[in-house]
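Letters A, B and C mark the chains in the order given here, with residues in each chain numbered from 1 onward.
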Amino acid sequence: MRQRKYSIPRIFSFITLLIFLVIWEVAAQLDLVSSSFFPPPSKIFITFFTLLSDGTLVLSTGSTLFRFISGVFVGSVIGATLGLIMGWWRPLNAYLSPWINAFYPIPKIAIFPLLLVIFGIGERSKFIAIFLGAFFPMVITTINGVQQISRIYFEVGKNYGIRGYKVFSHILLPGSLPSIMTGLRLAVNSGFVIAISVEVISARDGLGVLLWYGWQTFRVADLFAALIVISVLGIMINYLLEKIMIRMIPWMGE
Amino acid sequence: MKALSKFLFFAAFLGILITGCTSDKNLPLKSKNPIHLKVGVYNYISSAPYFIARDEGFFAEQGLDVELVEFGSASSEMLPALISKQLDAAGHTLNVSVLNSILEGENVKFVADRGYMNPENCITDAWVGNVEKIENGELNEPASIKGKNVSFTGTGTIEFTIDKLLAENNLTQSDINVTPVSDSAARVESLKNGSLDVSILSEPWISKAESSGAGKVWIPVSQIVPGMTFGVTIFGPTLLEMDPSVGTAFMKAYIKAIDQFNEGKTDRNVEIIANYTKLSPEDIKSSCWTSFKPDASIDPKYLDEFQKWALEKGYIKSAVTVDQMYTSLYVDNAKK
Amino acid sequence: MQNQAPVFHCSNLSKNFSAHEKHVAALSNLSFEVHQGEFVCIVGPSGCGKSTLLRIMAGLIKKTSGEIHYGHKSNSRPQTAMVFQSQGLFPWFNVIENAALGLEMQGMDKSKRYEIAADFLEKIGLKSFLYAYPHTLSGGMKQRVAISRAFLADPEILLMDEPFGMLDAQTRIVMQEELLNLWQERKHTIVYITHDIDEAIFLGDRILVMSGRPGRLLEDIPITNPRPRERNNVVSNAIEIRSHIWSMLHDEVVRDLEKAQ
């Protein structure tokens, strides 16, 4: 017998969505809401499938995903690595922390024109923006992850002969892994948002470009179709992350 | 029956919430109180007639209390604001978005010129090229744009001109390397370091590019599309539904402001423009100023050409008639 | 020939902590010996430095002054292995990985050390929990794993810092008996800290009574009750020893409270 895959609350959630769509459809058709700004869901779905079948959505999604994954991957790896070192080695932490705290709150979109100038107008500047978006949350949570490792584990380590590299592999890394996973979640979501945003500003392809074109040409249904893809991507990415977390940190309780 | 009325009530409530309340501005102009209008503008020299009309009191003497609402250059919020009645008029660009909104059934229309490409004027908009490539002959003719890194932002008259330029040389956009960069400073810098070969620029950025040695004017836009309308004044649903005397009064003030603008770079004009654009008076004086039609009219043939292009590009699904897009009612009445 | 020298010996051992210009004397002039196979208990009021002493013996903290000698220094066996009050099991290791930690650090390969560890864990009743993670275990089970870890490391001296302090009374009693059973097999050398005087008398061969801060050695009391120890066996001098120790500690606790005011 198949196990029930979705719980009751989720089913209700889905039903609510359906009701909302029906209300929207009726309201838009009866012109109770401006159908220019809120095209009826039927129109949006038609547009969605048109864009899907002519390849626009697939290509755009591919471009965005490529940028997003490369930027976030590199940003996360470097962020986690630096965070581990900084968490462990206090002098480095003291030296770098002010810089990191200074740059973290700066919205990467706000400085994007600067990035364009420094790194050029091609993919590199977009990559850097996404990289930064992932790097900062990652390094900060990782540092915290190392620092919150209870001293007792290090004492156990010392007492039972854990030395050198093994301090890293047996205590530092697994001890900070939960925080690193939290950081990864932040990095991924931040990087995704930035990927879309920089595409809106300066790209030839990608979901952000679809959004931009949607407003530029006032084809709002196109825009909603892109929004649907973005939302679905967001759900999928976070779902994937959860699965990864469970595999990487089997020791955390429910 | 009860459920239906409940539903309609709820839906109507939602509708009101979203579309906002409308106010009653249908009073003819003879009433005592000045009519309050909101006009969306970009803070560029090309919006000068609005600045002048306001600061010199031309709107006021027509019985209009005009509030100018500023929008950033790359923003696409002006049209939505107009459609949702948060603006009454807008100093917009000739752009596909307006056509699509008309196709959606929104009540917006072009009503007046807000700048055209005048080949006899100095250069306000141009395709600017990297200095080395111009001097060493790599950009010696229009056809040599093939294979180059070109920057522009699309869906408007700028893209229209690049497509025209390409078509005249039997090329299409796939023959060039399109690199969208919406930030003008970044464009100038990229021209300088060679990562861009050609970029569209408007004043004051053309002057800045030339003076910093980043780029040189390669092909002025006015050379590609002489006479073409680039800027437009649009009226939105509120103003279009008012008594025509309001729109006419607006145009009277507007045209008077154009007259004053066309007096040239007087201290007063420069002062007003500086006030709104936040550029320095020196920068303003050294920039090339927009050409405005003295009677603010639009030649419909340009709208037609532009629409054909938009249709071909697939930016719009079907065409509208000229009357659906444009009404000369207000500028015609203003002349009387 | 059995090694007659003490396994551990300290004389005039003192430890001071200094933090933010405040100097705290934790231990003051401690001198005692521990011999092979002895079960030595240390009792004393809170804050008297028992844990500090144990950590110095484990090499986790450095002494301030005095001398420490370890007896037979073996290259293959670690000097000490400690059982911490809060177990200190790595949450990211399962039971068998935790228990085999010492063996792993001594270079034993995986299959061998898992085999040895599994044997031991089965012996103390954790057979069906070998691959469980610590967060799924009760306090008592966790402490059993921690004890296994220490025993499996096969140290010269086993150090135990109030290992059953956090357990409920019944579990504590059972664990004490289990510990003695384990100890009987190979007669390890154990140094065991506790608050509980009854526990110390039940478990130990000797009781070192420490004063309040700074910790001094007040008395070194041998417990000669025969083994195996029986809990309900009321031996006359056990009651005496108990009240004697309690009177010493009582004074110390009162003194501490007065000092705090």
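Just so it is clear, a contact is a pair of C-beta atoms (placed from the backbone, for glycine too) under 8 Å apart; a residue touches a chain by one contact, two chains touch by 3 or more.
None of these values were measured; they are calculated from a predicted model.
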{"item": "Contact distance in steps, from subunit B to subunit C", "value": "2"}
{"item": "Identity of the most central chain, Cα criterion", "value": "A"}
{"item": "Relative to subunit A, chain with the most remote C-alpha centre", "value": "C"}
{"item": "Subunit B and subunit C: spacing of chain centres that average the CA atoms, whole Å", "value": "83"}
{"item": "Subunit A and subunit B, separation of their C-alpha mean positions in angstrom", "value": "36"}
{"item": "Whole-Å separation of chain centres (CA-atom averages), subunit A against subunit C", "value": "49"}
{"item": "Subunit C to subunit A touching residues, read off their complex", "value": "55, 58-60, 78, 80-82, 84, 86, 88, 90-94, 101-102, 105-106, 133-136, 149, 153"}
{"item": "Contact set on subunit A toward subunit B in their complex", "value": "23, 26-27, 30, 32-38, 112-113, 116-117, 120-122, 201-204, 212-213, 215-219"}
{"item": "Subunit C partner contacts - residues on subunit A that touch it in the complex", "value": "152-153, 155-156, 158-163, 166, 170-171, 174-175, 177, 249-253"}
{"item": "Interfacial residue positions of subunit B with respect to subunit A in the complex", "value": "11-12, 14-15, 18-19, 74, 76, 79-80, 83-84, 95-98, 100-101, 104-106, 151, 154-156, 178-183, 185-186, 189-190, 193, 195-196, 315-316"}
